[in-house]
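Presented below are the structures under discussion, each in the form of structure tokens.
Note that chain A is present in both complexes that follow, paired respectively with chain B and with chain C.
On to the complex of A and B.
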């Protein structure tokens, strides 16, 4: 190894003021002036220690911690459930107070005053994001990942008559739109959740990956069948309403429980909707992913309501939100770009669309009943207030 | 796949091997579990990973398009860890409820399946 060109004494903090023309970089620099003194002190301390040629080894001090207890794998491997049994794992707090990147279970209290604060961590209450099944859903999600490139037999995709192919391409265009918000929503909230809620963040990351794969598989399917078809204004407004939801729990209700529940109902009907075995395989795989998201949504809402100090107030707020959410999902679900292609596929052709609409009545009824059942499971009875009619409007 | 099929408890391959009672293996359990999953399962798999690792009594039913799960009663130890994690209340204890038919929206798919088959 050659002589280092830079010694510890050469390391200096950035200048306080650095003239920059680029507006974004200047803003970033200005923001960091605020923290400048704090990390300059740390840097100078480090440089002085290195200059003296001394070691710290403070990080080997385990006083006040339970370090030394080893995590042991179960027969499935080393799961979050296995490691969370240990005191060294750290207890998930009811309210997060660490707004930085310190891992739960690490020795961190002595450094608290020196730590930066991430202002974007705003979901600080465990009860606004926890679900009793989130850890096992994460393990399941990790075990069930698949590839839209390799696991779908694209080479066997059969050519369909034009009406069925167009209906398929329209359906997959619509589904691609849906999956965009299904990916953006967990992404939006993922970075607002402090690191103490790691398991929830991990699950949301798998949801994000699932949705990325769904965006991919639906886009590829449309393109493999001739191309993407029409975007849907009615659905886009519904998707925006999901993204704009005022709280994580409300948005999770609207996306996971109601919106993805609707999509799950369609996917579960995939055996009847799909006109090729390739499409059946797409529905079979995607419905398993969607089921996890729906599952989280149901138990997240249940936990929120069960733990809220004023359950009646929480219920009424959720009802007010659902009143709006259901209206907009109803608007979306009556769009021609959704109903008509599914009816053509169910019926078996454009000339059999009337017959297909009969089948859509059953899909509609199934969707509403499934939705109301999920609400009941969460302790959120919507039967008397549901804005979506039990019978389809045709 | 019918709900009846989902309620049936498949013999786990490992159970069959244990039944052969190899000389140095522990004897097979004498008592079966009582939990079962009804046909309204949505296939999220939360129950699968709640099952204690050495027990591993929950499995995804082969060839079920809906991706539903079932419990191997020969393996189940009746711990009940899976029950509260189910988002649709489809896991039951037969000792308390007997074998019940699935209900709610998730059984309505049978109407769509019947409609499609009748065409």
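On to the complex of A and C.
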């Protein structure tokens, strides 16, 4: 193993902060000057009231609300399901009209005219987001969080023979590279989703946290085993295709149902072929998180198709999208940076890579069959059109 | 069939004379009791909500299959039963293997003091469909095996605390 390429003595000071973007600041000033009358009216009203020594107490007026009903915890605590039984929780709308941060269920109608509008809230249809299991998955995600620092028995990590160590570190490098697209993608859409869809936003936030932890644990494992190895252009194109998906549902299909479904299979393979208990623990923990994301993807697509006013059109659009997405995902999953390390770990060494490749033939077919079954579960039959071969391309 | 009330915090038998037969509903009840005793560990792992079926393909007296369903709710095993015809389809997923495979796994966990070696985790044994086959008619329910994998591994790891005798010994 070589010397580390960087030592603490090599660390240089951070560059000085860039000058403030004048153009951006000017735009911001202009924007809030344009709306000056609206927000200063609120400010003046409040200052005048306070200067008179007067109290408002209007916020204690519960007319028109169902205030007074108390949420009661169930055996597992106070869940979203528990509080959503109350009328005061507010009903999730089919189409969101509140383009601000007002909580669903709050007394807000009387303030509507004074509210700002968040222009970035563009995903206003519930059926572009909702999945019947999203509340369950959110609570499950919160309850099953773990720590990459604390819950992995890092102290047990032992050096492997060089071929197995390099294969492990390449696999972990590849996983580090791919993991955070599953954070960036929900992040890209999260801020476009109005607050009335808080359960979906909450679940996507757990997905973000899960992916941050996955990136963390894989990066730490690679660095603990010798270092990060090679990046993968084929995967970069797949990740870009996910981020560029034209709608939330299409991207969720490509990321959660297909992409994460395949990554789930890699995690399961990783657990099976792990050469250390540390790696086994890493994969068992991460595969649990990944399976939640897959479950959301399946039922989100199902809900989208089931509720679409023109199901045939929606299906054809999804097929057109999948025709492209599957080919790009296939490009990724033929990269040497993932196939070869897995084959070496499966075979038991570089000299047994052929044996490993043979073993991967079965795993490949299983991956694709599981993907097709999940599509069917969502009401999206891809068997006749799937661009990914059922048999591995080697 | 045992429910939460009867499972309670049923501890493992303390003397070798009280060793439990595998496969049997008593063996799975004792395993469920161990889980319910170890609340701290399972609370840390998080909620588990599914019905797991363990099928012993040659475990019946006539050499045919026998299966046991464990219902997990929140952080406890709340129901253990030997599967009768009317129970078919209750399971989220089933893990199917021969008696020899289950025995090898249980003995490996015991030899490791509650942790299997690299080749004998549930996932390692089931990933390619052999020697343990993962089955289930609904892919979404079947995925519960993955969503709760660490808890299920912890559940079977506790078998190291159970003095076990195997049918045919």
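Basically, the second predicted complex is superposed on the first by the 372 of 394 C-alpha atoms of A that agree within 3 Å, B and C clash if a C-alpha of one lies under 4 Å from a C-alpha of the other, contacts with A are read in each partner's own complex, and residues count from 1 in each chain.
Basically, a residue touches a chain if its C-beta (ideal position, glycine included) is under 8 Å from a C-beta of that chain, and two chains touch if they have at least 3 such contacts.
Everything numeric here is computed off the predicted structure, so don't read it as measured data.
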| item | value |
| --- | --- |
| Superposition on chain A - do chain B and chain C clash or fit | clash |
| Partner chain(s) touched by A:132 [first = chain B, second = chain C, both, neither] | first |
| First (chain B), second (chain C), both or neither touched by A:368 | first |
| Touched partner set for A:145, first chain B, second chain C, both or neither | second |
| Touched partner set for A:49, first chain B, second chain C, both or neither | neither |
| First, second, both or neither for A:275, with chain B first and chain C second | second |
| Which of chain B and chain C A:69 touches, first, second, both or neither | neither |
| Chain B versus chain C as contact partner of A:355, first or second or both or neither | first |
| Touching partner for A:292 - first (chain B), second (chain C), both, neither | both |
| Superposition-derived comparison: chain B or chain C, residues of chain A touched | B |
| Contact residues common to both interfaces of chain A (with chain B and with chain C) | 75-76, 133, 136, 139-140, 143-144, 264, 268-269, 271-272, 280, 284, 287-288, 291-292, 294-295, 298-299, 359, 362-363, 366, 370, 373-374, 377 |
| Residues of chain A defined as touching chain B within the complex | 74-76, 79, 81, 132-133, 135-137, 139-140, 143-144, 264, 268-272, 280, 284, 287-288, 291-292, 294-299, 346, 348, 355, 358-359, 362-363, 365-374, 377 |
| Interfacial residue positions of chain C with respect to chain A in the complex | 45-47, 49, 74, 115, 118, 121, 123-124, 127-129, 138-140, 143-144, 146-150, 153 |
| Contact footprint of chain C on chain A as seen in their complex | 75-76, 133, 136, 139-140, 143-145, 264, 268-269, 271-272, 274-277, 280, 283-285, 287-288, 290-292, 294-295, 298-299, 359, 362-363, 366, 370, 373-374, 376-377 |
| Complex contacts: residues of chain B adjacent to chain A | 40, 42-50, 52-54, 56, 65-67, 84-89, 104-106, 108-109, 111-113, 115-116, 119 |
